[in-house]
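I am attaching a structure below and will ask some questions about it afterwards.
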Amino acid sequence: MDEKTRKTEGGRPAAAAAPKRKAASERVMALDQPRAPLSPAMEAYFKKCDEKIGFVPNVLEAYAFDMAKLEAFVPMYNDLMLAPSGLTKLEREMIAVAVSSQNHCYYCVVAHGAAVRALSGSPELGEQIAINYRAAPLDPRQRAMLDFAVKLTHSPWNVEEEDRARLRAVGFSDRDIWDISAVAGLLNMSNRLASATDMRPNQAYHGQAR
Amino acid sequence: MDEKTRKTEGGRPAAAAAPKRKAASERVMALDQPRAPLSPAMEAYFKKCDEKIGFVPNVLEAYAFDMAKLEAFVPMYNDLMLAPSGLTKLEREMIAVAVSSQNHCYYCVVAHGAAVRALSGSPELGEQIAINYRAAPLDPRQRAMLDFAVKLTHSPWNVEEEDRARLRAVGFSDRDIWDISAVAGLLNMSNRLASATDMRPNQAYHGQAR
Amino acid sequence: MDEKTRKTEGGRPAAAAAPKRKAASERVMALDQPRAPLSPAMEAYFKKCDEKIGFVPNVLEAYAFDMAKLEAFVPMYNDLMLAPSGLTKLEREMIAVAVSSQNHCYYCVVAHGAAVRALSGSPELGEQIAINYRAAPLDPRQRAMLDFAVKLTHSPWNVEEEDRARLRAVGFSDRDIWDISAVAGLLNMSNRLASATDMRPNQAYHGQAR
Amino acid sequence: MDEKTRKTEGGRPAAAAAPKRKAASERVMALDQPRAPLSPAMEAYFKKCDEKIGFVPNVLEAYAFDMAKLEAFVPMYNDLMLAPSGLTKLEREMIAVAVSSQNHCYYCVVAHGAAVRALSGSPELGEQIAINYRAAPLDPRQRAMLDFAVKLTHSPWNVEEEDRARLRAVGFSDRDIWDISAVAGLLNMSNRLASATDMRPNQAYHGQAR
Amino acid sequence: MDEKTRKTEGGRPAAAAAPKRKAASERVMALDQPRAPLSPAMEAYFKKCDEKIGFVPNVLEAYAFDMAKLEAFVPMYNDLMLAPSGLTKLEREMIAVAVSSQNHCYYCVVAHGAAVRALSGSPELGEQIAINYRAAPLDPRQRAMLDFAVKLTHSPWNVEEEDRARLRAVGFSDRDIWDISAVAGLLNMSNRLASATDMRPNQAYHGQAR
Amino acid sequence: MDEKTRKTEGGRPAAAAAPKRKAASERVMALDQPRAPLSPAMEAYFKKCDEKIGFVPNVLEAYAFDMAKLEAFVPMYNDLMLAPSGLTKLEREMIAVAVSSQNHCYYCVVAHGAAVRALSGSPELGEQIAINYRAAPLDPRQRAMLDFAVKLTHSPWNVEEEDRARLRAVGFSDRDIWDISAVAGLLNMSNRLASATDMRPNQAYHGQAR
């Protein structure tokens, strides 16, 4: 049963009221954790996802076995990826893809790769960052941003003042450095949760903005 | 000015009402971000920290430039480290230290290392996990838990069904696997934020439970 | 000028007769090497490419500065990827993508990723192997094949009899082992030539078989 | 039966006419693939090898189970290692050894190491590049050449414009950069084929030019 | 039985006269090698240790199965760590800890970490170098010293003239460079012997100079 | 001036009495440390080397700036490499070469590689271990020995009881395990000292036992 079918069948409320085990082929991850009843806030949030992008991202389904965890994850994620920042939404998605590529995270490269393609209007850019961000024709500001995020991913112990200085030299403020670091940090968390649980991306991502 | 001095001077309310730049020597991190006025909820939370452990952990001070970020971080952190789980609090702290050791994160090894010493009553165990968890005399369950968390840290792309099977074989449920993964993920996030910002641990941690 | 425009303008013969420097934006790689006149055999081969897939792969354009090199590369490549073998063409393309992903080669993941999508009819499979082949639902035979190819890529010095034994155990013959190794070897060569020269894939690949 | 014995026994023609399985101790690799009858061109080429260097390199014996593969490999190899180039033959052999040392390839370090000793007249130089090219007293041009080839070997994804700029700064043309990259690429292929098949170097190499 | 108990019970002479197998819980390492009778020189040296620091370091107990090995180790160790040098004793202990941290050696980080805390009077400095020396507020001279020692530890093949030049630029003499290298080398030896034998540090170290 | 010339000129006594700076081309390492007068014991030892192998190994020349260091190094080295042991001298030299190959140490692979060739009578074995010990036709005992030594070299933190168990399973005693570890440890020290100082092997090694 794909997301669209489920939607035409009446969607969330029923599912929330009567969670049941999915067949293996429908599972969003390798852990067997039945969905908890959605809280009203999360009920509304899932509905909003469905309306806005046509499906509920599987990462949310994965967290939905426990409302406390889901309700802690959603605001942190949304603050980092969507709240006002010196970084554009596209830039935050570029960090997400570059970090996830470094970590070879299937779920996150697919989901955030679609976002880079959509927000940039460039399928090539999405592919470049997914495969090797050094192959993308970035301006010095964005290149420094991804250099920092990727170094922070593969060897955080080597990040020092001179790395921050390189960001400042291309115009990033201290607040921007926090945001770059926090988004890179978030993806380093999500990459690991997705890999640990074999989280599967919604199929809809694959064809988006190609 | 150390935490204790500040506390005897009347503490949080004044600081919250009139945040001012700290001298370099007092800074909790390398980014220059003045503290925002604490929201009532965070005001209460900081006060609770002070009462309970005698200081406010610097990671909270670091997040306190923006109430939205602080208020998103605190519940996620507390849910993962303190909420009911198949993992004891000590086990979650053990994961925190093993992951942070792999990432050579000064802030996190110091802060969570103190927690392992305190919760286990064993200074040796704290040191062993901080330096090389393989040197600790762990039972098979805890050893498998740390093997999983550390592998997930250094090469998440290699984590597969057989890794989950090893956890199940020593008695962990799928829900426990989520919790191990989520705590390991959280620390992979915090390690990077701490390294990116040169976050400094409160001095009080060093002597705790030695 | 994209491939399609060039084709409607009369295509290869003119280009072959009068090679001229391309503007930077049209270059297929970062080295400035004007195309040599195509030999009759290569003239025919390029025409065949154009007719069959609608464009000449840029790797051939990159080699076309020297007919001896182009004429040595084409038969080796075609023998390995297209000649009769115990491996299907899809399997050889899967090896190509898995190796190129390990080497983060933009050109090769894009070009061979399109082939995997086209030959398998599965956009997901193409993405899985491009990002992390361990996330693909492979049967044991194909999984062993990619495990061998990827190990041979990242640490060839560790490949030993027990690795060959694993391939034989899932049904591969010694001849098949040669073919797996030779395709993995070829891509390890091409990945390096592409990275060394910043070779750019034809744009047409991006949208193929999505 | 060693190469010299075989030669005095009348050599190739008989072997070509009646290929038979070799005993394990005589095998050139761990795969059991009987030699195909040599084509006239390859017959002549093997004879030429025998006359010129006293034996047929085992890599050719290994490929000789299939004339299409042998006839594709020989011209590509000879073009890269022997055709006119801005790089001397010694320099191409130096690249071959440095790359093979990085990949710990027994066959290739032995075979190409002998070539470096012979062409340079310096047994020390051969050993230095085989063990650690940084220990060799190279001029800046050759040092830059090997730095590029070795970086391209261990992390091709990090090779960028500034790496090419370093080669140009010591006098290499774009054509030379292609040749450096192509030789490094070829050895990255051969190293993997040799490791995958446990290819054994002819014994004659060991004592050459010591 | 801890060191102090043993001491009040009459200490070394008896033990030396009648070596006997220790119970597993008392063993200083995972190898079962009974102590040899101490030579008079080593008898005196062990007594001196006991008087000066209150216990005999377990590394000496581990070597004490063979007087030739113990008597070869002690002077080399003492010359490197204690003899006159352009490096202070603290600096040599800092190298010891930084190298041992890189090698995740439980025994050596514990034993030498205690020395750094004691000699520097700074528990923080000990922790910083044990976890990540880059987090310690070092002057340029000591920073260069540890950068060299740690690089020499993780990739000795990359150490070249420019690395020595960096040491000279901050004031180190050639003799000092030898001493830095020799201490780093010694610890690379001891780390491996300790890891290979699961050597356990004396408990007394844990609480020292906190 | 090579070793042999120096010998016919009257050799050590003069040199010891009047140490003088060598020209750059004659230096045994990149550090400028004039030789100290040899102590009588070392005078005799150097003479013995000269008589027995025709030259004084440069590592001894390198240490000869300080008699305390030279006199500490020599007995430790000789005990480990030459004293009675469950390991043959050849086996200890095999460990030395395998470790030094892992560390790409020019001095040590050359000097100990010559010893393996001489003691085994097999030039191939020397080359195999110098390039990739996995390519050598070792019996299970020696293979386990080198596996342990090489793992201890590249990731000592991962060596555990199961690694020791593998050695015991092929017949090594606990004392043998100490010796394997100590030789591997010694070479990890010497490799670093040689790399740090750019120590040059005596030319005589290159042609020995080919």
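Letters A, B, C, D, E and F mark the chains as written, and numbering starts fresh at 1 in each.
Heads up, the rule we're going with is that a contact is a pair of C-beta atoms (placed from the backbone, for glycine too) under 8 Å apart; a residue touches a chain by one contact, two chains touch by 3 or more.
Computed from a predicted model, the values in this text were never measured in an experiment.
Common neighbours of chain C and chain D, by the contact definition above: A, F. Put simply, chain C has to spin 120° for its C-alpha atoms to lie on chain F, with the angle rounded to a multiple of 5.
For the pair chain B and chain E, the fraction of shared interface numbers is greater than half, so the two copies use mostly the same residues to meet. As a whole-number value, the distance joining the C-alpha centres of chain A and chain B reads 23 Å.
Per-chain CA centroids place chain D at a distance of 46 Å from chain E.
Work out the mean CA point of chain D and of chain F, and you get 30 Å between them.
Residue positions of chain A touching 2 or more other chains: 104-105, 132, 157, 160, 198. Judged by the touch criterion defined above, the protein chains form a pattern that is neither an open path, a ring nor a star, and not fully connected either. In this structure, the chains touch in the following pairs: A-B, A-C, A-D, A-E, B-C, B-E, B-F, C-D, C-F, D-E, D-F, E-F.
By the touch rule above, chain B contacts chain F in their complex via residues 132, 134. Residues of chain F touching chain D in their complex: 101, 104-106, 109-110, 123-124, 127-128, 130-132, 135, 198, 203, 206-207, 210. Only residues 30-33, 65, 68-69, 71-73, 75-76, 79, 83, 103-105, 148, 152-153, 156-157, 159-161, 164, 174-175, 177-178, 180-182, 184-186, 188-193, 195-198 of chain F touch chain E when the two sit together in their complex.
By the touch rule above, chain A contacts chain E in their complex via residues 157-158, 160.
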